[in-house]
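Both complexes shown next keep chain A, but they swap its partner, so chain B is in the first and chain C is in the second.
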Partner chain A sequence: MNDMSILVAGVIGLLGAGLYGLLAVRNLFQVIIALQVLVKAAVLALVMAGYASGNLALGQSLGVTVIVADTVVAVIGLALAVQVKRHLGTLDIKALATLRR
Partner chain B sequence: MLNLILVSGAILCALQAMQTKRLIRAALWLACVSAFVALTMYRIGAHEVAVIELSVGAGLVTILFVFGISIAGEDAMDAPAIVPKVLIGGMALALVVTLGLLLLPVGEGSPQPEQTSFAVMLWEQRALDVLVQVGLIFAGVLGVLGLLADEAQVAHKPVKRETAVANPEPVLAATETPAPQEARA
Partner chain C sequence: MTQSIIIWLIWLPLAASPLIYLVGRISRRQWGYTSTARWVALAALAASWVPFVHAYRQFSAEGVLTYVYGSVALRLDGLSLLLAGVVLLLATLVTLYSNPYMAGEIGESKYYAMLAAISGVMIGLGCAADLFNLWLWFEAMAVTSYLLVAFYRDESAALEAGVKYLVQSAVGSVFVLMGVALVLAQTGTLDLAAVGTAVSTQFADSPLLLTAGALFVIGFGVKIAIVPMHTWLPDAHSQAPSGISAMLSGVVIEAGLVALLRSLSALAGVAAAWGELLIGFGVLNMVAGNLLALRQTQVKRLLAFSSLAHVGYMLLGLGVAIYAGNVAGAEGGFFHLISHGLMKGLAFLSAGALLYVLHTARGDHSPLTVSDLAGAAQRYPLVALVFSLALLGLGGLPPLVGFMSKWQIMAAGFATQNTVLYAIVAFAALNSVLSLAYYAPLVNMVYRRQPSTAVLAGQPVPFMMQIPLLLLAVGVVAIGFWPNLVNWLVQPAGAALLAAFGG
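Moving on, here comes the complex of A and B:
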């Protein structure tokens, strides 16, 4: 198994772990953490694709853009989670379904 | 071999971040994932993005998580998942197996000599991306304000009450002063 196959396996494994977390956890903070894991897999895939195609600079610049977007998503998600905790008193995502009742 | 260790470490840390009940530990496991991913990227020659990932992913985001958790408090939940865990595991495994069958094995790749440097690519050829990043950073600043907004209001409210209770005399004086004028009139 060569290095590129190992990296692709790593990307797939991180995607699997992120998807598992996204479906399994009910805490809002952990949902954001699962999203972060998924985005890290995407960044690694972009950089790896740039490396494999011989255009690492393009992969790196796209990776930087994704990292910035990912950080902003984390900040806004954290702000929403803190506000949810203040207003509903819990971080359980099931408590957010108030419109259904 | 080192790549295998780094990639395995990243996946194990990601699974630990999903499994643990304490939020602080989950944030620290996420920082470990970032560190492993950054090391992997450094190994394949992507030095700039590796440094950014390490400083932003393992540093800034972890600090933000710890800050947010300290505001909201640890809310450990033992409630079961909405979807049965067997089904979730099956779905994640199906994704991994399907992608593995589609993508693996991968050829060694033929890295050609770099035509452009990272700086030229980012600042000249991907200038629109940089503008989008500036907009995103402003959105992030608004997010931080959202994190702090209610805190500021809560911090101001007791101060107003204290001043109202501590200095009742000006109010009484204001109500008493017009009385003599009315009496004169």
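Moving on, here comes the complex of A and C:
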């Protein structure tokens, strides 16, 4: 096992865990955590891409930027979750399926 | 000569955003003025037209403008100008319109701050010159629009729409990032032009880059509402405040489309049929959008579904341009981008005006149903007229603008002399007829003789709300008669697209 294959395995593992989480969980907080796991796969992929192309500093700075941008998304998601809990009394995402197609 | 005009164009609305919030809040707390935020927002967006005009002049004199700061570059070409023009037009009119619509809402100053911010961010997205920068603007646009969609935070329907939109968009943006990582790993650069050169010289049949392209289509496709990634759109567009629905349908989807075109243009050299792919999705979007819109009973939901169909027309025109390298397709697609912005903006704003006078002004947040509209023309002749104009334009009736832009896309399809495309164009025309099946009953409903109870109990339409409606209606009719009026925006954009795809 060289460095590269460990990194690829990490990216795929995080991606799989995140997607599985999104499909499997029913609690809105857990959904947001699953999204976080998914984004971490992207961060790792960017760092790996920088490493693979011989420009590790670029990859790392992209990764840090993604973490910052992603925190904003998480904050908004949590704010929505707070409002959902306040108005519906539950965080179950099944309670959030009233709008019909 | 300095090229910092790009910075002014992006920075003015962005810098105004916190200012609008602070000034609005302080003046309300200290002196009890509630309307300051609206006027500051309107002034800021009106002022943004100055750098736009300067940027246009400089662009026509010098060609593509570039601004480099460190390793970050912003590039203003015809496509950026087109997007900036449509964004500024709709944002200014929506601000004017929201003046009475949002008056007295909780968090009104936040609304205007976010409206200015999303305008600046979309202009920036059009100017992004490298893939990561593009993603960053895209994410910033998404974040601002989450807040605007869930603006009525006491309505559980708005919260539901916000959550759906946030989750789907966030997954989409992870896909885009994966694509960016693949491009960086393979080519070692992120600059769109440099990636394009590297792809066509070294990596023409790299499976990694093909995967990256697919990831871009999926990731940006969520925002463009390409079927089957469209399920968030009807909820988000119908639950947002009406002015924001107009922005979301009129420019945010299109900004996603610009982002997709930019990212795919870098990968144009990969041995892949991007044009055919876009045409295929365009056809799918037309059918699904029209069929789903047929069975809607809420007006704003119906309009949201019709956006799916119209994205389909844009994809068809641009796909034809990329596939056959004909500039008419690109110009038709971008003309439809403008005309959809005008028509859908007008449709959402006039439906919003009716929603406001029939429900919202009385503190009732229930949705506007088709049956509420019955006989609306009796009490609101002007709003009924512009609403009907918008709907018939969307349905593609001549001589309105929607007919002209669809016509240009279809003519471009015929010009390719390709049998399959003949069939697709004929299919698109039939879809236009199908769409009248849900636009026409709405027009009929508005002009019924017997007003509904909601109309009888309705309030008068505020004067400030009628100004943007009238302006947009004039645009819908005038550009229908004289389509050359938008050539100054459409032609450079078409040329920029073909240049980027090497056609």
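Criterion: the second predicted complex is superposed on the first by the 100 of 101 C-alpha atoms of A that agree within 3 Å, B and C clash if a C-alpha of one lies under 4 Å from a C-alpha of the other, contacts with A are read in each partner's own complex, and residues count from 1 in each chain.
Methods note: a contact is a pair of C-beta atoms (placed from the backbone, for glycine too) under 8 Å apart; a residue touches a chain by one contact, two chains touch by 3 or more.
Fair warning: this is a prediction, and the values are worked out from it, not measured in the lab.
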| item | value |
| --- | --- |
| Partner chain(s) touched by A:Ala9 [first = chain B, second = chain C, both, neither] | first |
| Which superposed partner A:Gly59 touches (first chain B, second chain C, both, neither) | both |
| Touching partner for A:Arg26 - first (chain B), second (chain C), both, neither | first |
| Partner touching more residues of chain A, whether chain B or chain C | B |
| Touching partner for A:Thr90 - first (chain B), second (chain C), both, neither | first |
| Touching partner for A:Leu35 - first (chain B), second (chain C), both, neither | second |
| Which superposed partner A:Met48 touches (first chain B, second chain C, both, neither) | both |
| Contact residues common to both interfaces of chain A (with chain B and with chain C) | 15, 18, 48, 50, 52-55, 58-59, 62, 65, 69, 72, 76, 80-81, 83 |
| Chain A residues within the chain C interface of the complex | 15, 18, 22, 28, 31, 35, 38-39, 41-42, 45-46, 48-50, 52-55, 58-59, 62, 65-66, 69, 72-73, 76-77, 80-81, 83-84, 87-88, 93, 96-99, 101 |
| Residues of chain A that touch chain B when the two form their complex | 1-10, 12-21, 23-27, 29-30, 32-34, 36-37, 40, 43-44, 47-48, 50-65, 67-72, 74-76, 78-83, 85-86, 90-92, 94 |
| List of chain B residues in touch with chain A within their complex | 3-4, 6-8, 10-11, 14-15, 17-18, 23, 26-27, 30, 33-34, 37, 40-41, 44-46, 48-49, 52-53, 56-57, 60-61, 64-65, 67-69, 71-73, 75, 77, 79, 81-83, 85, 88-89, 91-93, 95-96, 99-100, 103-118, 120-122, 125-126, 129, 132-133, 136-137, 139-140, 142-144, 146-147, 150 |
| Residues of chain C that touch chain A when the two form their complex | 132, 136, 139-140, 142-143, 146-147, 150, 153-154, 156-157, 159-164, 166-167, 170-171, 174, 177-178, 180-188, 231, 234-235, 239, 292 |
